[in-house]
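Below are two complexes that have chain A in common, paired first with chain B and then with chain C.
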Partner chain A sequence: MNVVITPTMVGQVIISGLLSGALYSMVALGLALIFGVMRIINVAHGPLLMLGAYTTYFLYSGLGLNPYLTVPVSMLVLFGVGLLLERTLIFRVVDAPELSSLLLTFGISIALVNATQLAFTSDLRAVEYLTGSWLVGPFAVSKPRVIAFAFAVGLTGLAFVFLKYTRTGKAIRATSQSREVAMVCGIDVGRIHLLTFGLASALAAAGGALIAVIVAIQPEMGQVWTFKSFLVIVLGGAGNYPGALVGGMLLGLVEQLASLFLTTQLSEVVAYVLLVLVLLVRPTGLLGGRQT
Partner chain B sequence: MTKRSWFAVGAVGAGAAVLAAVLPAGAQGPIRIGASLSLTGTYAKLGKNQHEGYKLCEKDLNAKGGLLGRKVEFVMYDDQSMPPTGVRLYEKLITEDKVDAVMGPYSSPITEAVANVTEKYKKVMVSPLAATTSIFKKGRKHIFMVISPAEVYLEGLVDMAAKRGLKTVAVVNEDTLFSKAAAAGAAELAKKRGMQVVYQEAYPKGNTDFSALLTKIKSLNPDVIAAATYFDDAVALTRQMKELNVNPKMYGVTVGGDLPEFYDTLKTNAEYIYGATQWEPGLPYPGNKEFFESYKKDFGHEPSYHSAAGYAGCITYAEGVRRAASLDPDKVREQLLKLEMKTAFGEYKVDQDGFQLAHKMVTLQWQDGKKIVVWPDDLAQAKARFPAPPWNQR
Partner chain C sequence: MKRAGALALIALALAALAIYPAFATGYGVRAVLQIFMWIALAGSWNVISGLTGYVSFGHVAFFGMGAYTGGLLIAKTGWPWPLAALGGAAAAGLLALAIGGPCLRLRGPYFAIAMLGLNEVLRALVSYFEGLTGGGNGLSLPTLDATVPIYYAMGLTAAAVTAGTYLILSSRFGLRLMTIREDEVAAEAMGIDTFSHKLVAFLLSALGPGLAGALTARDQGYIEPLSVFPLATTITMIVMALFGGKGTVWGPVLGAAVLFIAQEMVWARYPYVHPLLFGAIIVAVVLAMPRGVLGLLQLKFRLPRTI
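What follows is the complex of A and B.
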């Protein structure tokens, strides 16, 4: 029963950890955006990711599209869904106590999951497009995960460039820093909220689309991503965008190393213990929270 | 109302008026069999199949003149896949609806819960879809098992491996009741057959990332990987075995591997994988073919083993009643305890606790997109394709 852990094995799980870490970062960035800009705890983030995964699945199985080409389509579709949700429901709770937004997004989450179950049943579906791995020296590097990694890094990079250098990106950051001052400076805060929610939903959708090629999907797949995203942004610092990157990579690595040195069952425990420790030592997260 | 039953009323006399009022009412109408099934909720898909199995049994019994000369009629409710609802419904069936007999619900957790009710009222309950050993080993007197217990799901895989002289096995399982029992059973069987269990680990429900687990297993390079899974985890585990290039000579899963969706999802990656099942349409059991055909005709889709077990459980109960020539629970129980029969679902024989001894699991392997029964030898449709080639040579 004793497994001798070799450096190769450690290397192998570090690769796996970084590969999934990038996905965590990208998905969590969406959640961090919404929280930073709108102060809304979006429990429906995972179910939006699930919708992105289904969009990709149907484009792949119905129209025979290359699943990687569907990533932008899924993002666009979910960007639209995000806008719609914001305009009809979310905007109503922006200034309300945080419990209201929690309840509302929880409701949306249940509605999305059950509507998907009704429409598409809870059968497991898979985009069986790319499986297997490239063998690099002693390491097996999963093909779909590497491509997902590349997409995640690229899209996260784009999101950062957008936030940092474009006028709209700057407006988003300004709104996140202080809504009142942003408003005084002539930024249309309502529009920024709308855009932020759309953007965050699109990031979730990209995650869903990429995950659909890696694992089989079903309507309840999203919840675990909501939890992971929360873990990531709390670790990194809620509302702090680079924090989502650090948190995501950290979570990926911790999960994998804990599974290797302990057991798969304990890996989640370790991740949450880490969360408690970070909260005790640095309550604002590793990179500090949003400046208020 | 026949003359005889009137005579019975008269004989009992005015003093037993209450009893008499019940007796003729029960003795004339159809035999009513109550059950709750999971028609909505988590188990809906499988519960519905069992429901249809009961329906078909009702139809077949009535086509042959019913039971004890009376028609058979099922009274069925939906327990929403929830044990507390099941408990309430069995109380209602027995005390308010006053059914003549009951049949088991779907799943181990619900059976475990409602068995307390049926025991309390001393009702015989044949429970076709409960595979957890402990339910039948708690001193309950009126409950009967139909399917094979969780512990033997991987028996075929282990047996085939041992016969081929394989030495090492890694056992993994989801950390839930059924999977734990199946994994424990596999590990024990492997040791009994002189194999070495080189690794054993459980993973949490809903886990989809097996990288680290498989990295460890890969370093031990076992001949066999025996995985006590449900469906989702079986799929994820298989995909990651390919990703990490883990190449056992034999790899088998429990639940999930027998579903057509397993191949639909994994496509050719499902080739060479072993699955276990309680029943297959192609097995040469008496009446199996007829069952399969009429089921398909009546319900518009193929039966699963849940359908067949439900059907066979009901047929078995009816046989017990026929031999007892009575609905009296004690008499029926006595018959069911010594009954040995073969139905469309396979063999039935229980020990003194009602625990199933004779029913056989079969092991199948995916070959060219088809499920082929490869174990046990006397039921095998073809030889197992052994060993499984490494992933990069498929």
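What follows is the complex of A and C.
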């Protein structure tokens, strides 16, 4: 275990951490939006990401599309799935006790995972489109991860521009600050809930589509993403949207540092310890409570 | 009168289950043993989630913790299995205190998601500490044919969990837990120390799975990370408790018995459909009958609250 750790290795780890951190941020932003606007933790967020990955896989292997061109298609498909889920099931538990929404989304997540397993088996599937690394100075950066990073930064940026400057985006933020006041201002809160759930599902789908090019996919890949996205929004402060960005980068870095100084096997354990520590020391998250 | 009748019925059922192994086939004993295990698991989940309202998505972690602690005590230190089973329960209880400390301090979904991750973490740790646990190769216990004694031990566990739930439900402690479930702010305003109540409920809900895990490890003679930490076990115990009726004494018993038998008879032929059905049952129960089958019966026949 006596490996000498050089500055190059540390630099490499920081680069890898930021690359995967941007993906975490984007996916977690979806979870943060649903939590902020609807006060629901969507346990099915990870399985929605998995559906996005499968959509990209089948567009790539069936129609031979460039997987990066399928990202908007996957997002659109999952936007539709999100709308459907909200309109048929989720809206019924928006005002119900937390127990109901947690259990309902848990049930949905089990159903999605097992329906996928039934339809497409548990076989690992890979989108073998882009492999290898670019050499930047002394650092090797994996090509699909760099492109995923670029997509994630771009899409997250778009989401923030949308939230900040458009009328609908403002309505979403208003609803997340206070549903009652938003209602009084004439915002159709039901429609905002619907839209938010669709958008969040689309962000998850983008994550799934990009991940499909990086690692092999299978129906159970999603659950760990629910947990990680939640960890990200706890780190950044639940309900705090910029906090999701900081939290994602932080999680990416911590995981990579853990794999450098300990072992890759324990990187999930380290992430978990981080969650428990944050809950103990600063339960409102690093950037503080909910502000939008 | 009604109460005496109910007690007589329970005594009769217990007596029948006690002499059952003398007449039953090996398969029959094993099947009832499994039902006992599910009653213990679903009933324990019910204490923290059904009564207190804090959903645990990782209760199988305590099962696995019990299985590995019990298994290691038997295999490495040669403890007799009943003692090792108690050791398993103690380890699960300690784990509950360690996790509950930070996660139950807060309201909201923190606890639920922390439990979702706990299982993965334990599995990773068991695989990592190969020297002790055998890692992915698993842990073999010395051979011992103890199915019938374990049948009784598991039966006692199930009975203790059910009786414990009754005692909690009919006590002031249980009322306070249910107050926390209904409105935690109000509970605090009434002077209930919500944190310590939640923590005690969580501790109690970890003991049953710890015991059941250690007994299962002894019964099967071999454990590995994938067999004692499956998400499917958590899902099954949640479905059973919800279906029977969360927050009731007999709901988990009813759910465990009905769904286990249904699973053995029908769904075993379609192995992939059944988890999908479980997901659908959760969705349907939450939306259509949040109090489960027993809740419906309670309303219809004006049964007592502490059933």
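The rule is short, and it goes like this: the second predicted complex is superposed on the first by the 289 of 292 C-alpha atoms of A that agree within 3 Å, B and C clash if a C-alpha of one lies under 4 Å from a C-alpha of the other, contacts with A are read in each partner's own complex, and residues count from 1 in each chain.
One rule holds in what follows: a contact is a pair of C-beta atoms (placed from the backbone, for glycine too) under 8 Å apart; a residue touches a chain by one contact, two chains touch by 3 or more.
These numbers come from a predicted model, not from an experiment.
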First (chain B), second (chain C), both or neither touched by A:Ala216: first
First, second, both or neither for A:Arg92, with chain B first and chain C second: second
Touched partner set for A:Val224, first chain B, second chain C, both or neither: both
Touching partner for A:Gln117 - first (chain B), second (chain C), both, neither: second
First (chain B), second (chain C), both or neither touched by A:Thr168: neither
Partner chain in contact with A:Gln265 - chain B first, chain C second, else both or neither: both
Those residues of chain A which chain B touches in one complex and chain C touches in the other: 224, 263, 265, 268
Chain A residues within the chain C interface of the complex: 41, 43, 89, 92-93, 97-100, 102-104, 106-115, 117-118, 223-224, 226-227, 230-231, 234, 238, 263, 265-266, 268-269, 271-272, 275-276, 279-280, 283
Touching residues on chain C, where the partner in the complex is chain A: 49, 53, 55, 57, 99, 101-103, 105-106, 108-110, 112-114, 116-118, 120-121, 124-125, 127-128, 181, 231, 235, 238, 242, 272-273, 275-276, 278-283, 286-287, 290
Contacting residues of chain B [partner chain A, same complex]: 175, 197-204, 206-213, 215-216, 219-220, 231-232, 235-236, 239-240, 242-245, 261, 265-267, 269, 391-392
Residues of chain A defined as touching chain B within the complex: 1, 3-6, 9, 12-13, 16, 20, 123-126, 128, 131-133, 135, 140, 142-145, 214-216, 218, 224, 255-260, 263-265, 267-268
